[in-house]
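One chain, subunit A, links the two complexes that follow: it is found with subunit B in the first and with subunit C in the second.
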Partner chain A sequence: MSFTLKKNGDVVVVDVEGQLIVGNRQELKQKVLDELEKGDRKFLIDFAQTGYIDSSGLGVLVSLSKKIREHGGELRLANLNDDLQTLFELTKLDTLFQIADTRERALEGF
Partner chain B sequence: MSRDLELEIENAARELAERYEEINLLYTISEILGRTVSLDRAATTILREVSETVGARRAAIYTCEAGSDMLDPIASVGVPDALPSVSLSDPRNLAARAFRGRHSVVIAPEDDVTDDGFRIGAVLAVPIMWTGEAGRPELLGAVSLTNRSTGAAFSAGDVKLVAAIATQIGSAIQNARLVRESIEQQRLLQEVRLAHDLQMKLLPSGDVVAPQAEASARVVPAESVGGDFYHLFRLTPSATGVMIGDVSSHGYRAALIMALAMSAAAIHAQSTLDPAAMLHALLYSLREELSNTEMFITLFYGVVDRQNRTLQYANAGHPHVFCCRPTGEPERLGALDPPLGMSDQAPTSRTVKWTPEKDLLVLFTDGITDALNDAGQPMGERRVLDTIQRYATEPAAVIVDRVFDALSQHTGDIPPRDDLTLVVLRS
Partner chain C sequence: MTPSYVALDVEIPSDVRQIEPIVNLVTEHCKSLRLSRRQCSLNIPVALSEALSNAIIRGNHEDPRKHVRLRATVSDQALVFDVVDEGSGFDMQKESHDPTTAEYITREDGRGIFLMHQLMDRVEQFRGPQHVVRLTLNR
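Right after this comes the complex of A and B.
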């Protein structure tokens, strides 16, 4: 399980490898908040390599989204697999995030 | 017999007597340590015995708690007042010096040493160490002896003897610490059990909605205290309220939110029959707590009215609620809003048709659907629903049993990684 942060123009792209769960959510949160502190405002979390997100992982996404919005920025999500897509739809979390099928689409017009 | 031989025999006899005394002392100490777990009491007795054997009229045993930078006296002999604690870095205290240097400090009566006033003539200070399984000696304290009745310096034999006794005292200190930790652990375990019992007692029995509804529920927390809950309310002679919630965490913090949600829900449910209004009031009650803890709750609240033949519900992010009818596929009563704590918008509600005595309201948490077998595959929603449909005409309690049977078959010996909750209601 690891998080890789890369810059694509002015967007910070975060790759989540494996799972986003109670055991590693704080690490993701800290990494994103560090970038926010440095001045970045556009964030994209790419779940192409993510199998599972537990409820505390979802909580961190919402909390990050709120914090980024408070700083005038935006958090987008991309590449949710079918299970994750269903989870977001069933819990109505899809109404809280801008979710794209691919990284490219997410980056369009960011 | 020559004079030399006589002297030699005399010396040998004296040495034998000394050895006897030393061995006797070691036996006595073993016996003292063997029959008591009170370290302070044992330390005082041991110190008295060892002082007598080496002829010291003033002595003290100090211990150092893990993480502390002080030596605390636990026993003393021949001092008029209680000894104060000593800083480990105190340059004048000879026990602290032995502790710092991890080595015995031997001061002869004629040596010119500045000390803190404890010394009278010769001094012997020995560190107390304990060597555990890891093999690395751990410093636990020091023993200090002075004011010898003979006025002579401490011999190498005295140093060896006191060092041997210090080792025994070290074992005793370590044992006492282990006993204390074990008692502390037992106390914690007891508290966790109490919290678990308390949490389970908050959950109502299905009987609270009888006879207008037949309900059965089960919660199995993954940890001793969990974040899943349900609630049942008898609202009017024909309307029954059913709630299921899953706090986004486990342990004490989640249990606290769960308890808050349950008590607030009990108050708000009695003031309105509109599920959306009830969730909105609940959100208002919990907003601050949820925002402070970064937790959220997936929460469904439905009101089944058998007279109006309706089921009205509000659903903040709870994925697994179904209306199972005698024919056709179970209807998912999906989330209408995001989980409580994720958004400030007022929850909405929806109404579906309800056939009294025939329809089943089935609510569960993702602990059940996500439970893994030994191949790492989740149980899945389909299998839960199939089991419910197969036993749909059975009493609610039987349906709950069958689902948990299927769950056990699926998971085998693998312990649950999330709380498991299922509620079945017929009305």
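Right after this comes the complex of A and C.
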């Protein structure tokens, strides 16, 4: 499991490889907060290579979204597989995030 | 009818980094059973992660001297996971709330018990000499 951060224009794109769970959520949180601290305001988390997310992982996404908004920025999500989509629907977090089918669509108009 | 059998009986230290390897082991075993893809890739890994996480963090308070036991029993009808910690247990009923409401949806915590109930057919708690959370998934 790893998190890779790359810049696409002024958007920080984060790839989540493996799981986003209680054992690694702090690492993702810190990496994104570090970029926010440096001045970045647009974030896209891409789940194309993600297996599953537990409640701690979902919680970190909620917390990051709030933090980024407080700094006048935005967090978008992309590439949820069917299982992740179900997870977001069960928890109604699909109503809280802007979720795109693909990375390209998420970057449109960002 | 095949009698039920214990497919896995392991103890792990109270360290959240131990959750992923043990969940991966269970998920791999599930693929050899007649379960749906979603049961193997969503229901079991997420619900089991939540139960193990609760046992390590809330049950054993991440005390490295304490352990969490996972016992998986397979029958023709169901998979049953017993997650046993060394704590006195917490009142799961009391701490159950709907995290999808306006009051809770923007909170970072509080989705674990809800997800266990959503993804399993039955979630039970036994508080005695040991604290056990039992997850049952029908086949």
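The criterion applied here is as follows: the second predicted complex is superposed on the first by the 110 of 110 C-alpha atoms of A that agree within 3 Å, B and C clash if a C-alpha of one lies under 4 Å from a C-alpha of the other, contacts with A are read in each partner's own complex, and residues count from 1 in each chain.
Simple rule for what comes next: a residue touches a chain if its C-beta (ideal position, glycine included) is under 8 Å from a C-beta of that chain, and two chains touch if they have at least 3 such contacts.
Bear in mind that the values here come from a model prediction, so they are computed numbers and not experimental data.
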Check your understanding: Mind checking subunit B and subunit C on superposed subunit A, clash or fit?
Key -> clash
Check your understanding: Is A:S63 in contact with subunit B, with subunit C, with both, or with neither (first, second, both, neither)?
Key -> both
Exercise for review: Tell me which of subunit B and subunit C touches more residues of subunit A.
Suggested key: C
**Study point:** Contacts of A:T91 with subunit B and subunit C, given as first, second, both or neither
**Key:** both
Check your understanding: Which partner does A:S55 contact after superposing on A: first (subunit B), second (subunit C), both, neither?
Key -> both
Check your understanding: Should A:L5 be classified as contacting the first partner (subunit B), the second (subunit C), both, or neither?
Key -> neither
Check your understanding: Where on subunit A do subunit B and subunit C both make contact?
Key -> 22, 54-56, 58-60, 62-63, 87, 90-93, 95-96
Point to revise | Of subunit A, residues touching subunit B in the complex | key: 22, 54-56, 58-60, 62-63, 87, 90-93, 95-96
Review point. Can you list the subunit C residues touching subunit A in their complex?
Key: 16-17, 19-20, 38, 41-42, 45-46, 49-50, 53, 57, 99-100, 105-112, 114-115, 118
Check your understanding: Once bound in the complex, which stretches of subunit A touch subunit C?
Key -> 1, 19, 21-23, 51-56, 58-60, 62-63, 66, 82-83, 86-87, 90-93, 95-96
Point to revise | Touch list for subunit B against partner subunit A, complex | key: 246, 248-250, 294-296, 298, 316-319, 334-339, 342-343, 366, 418
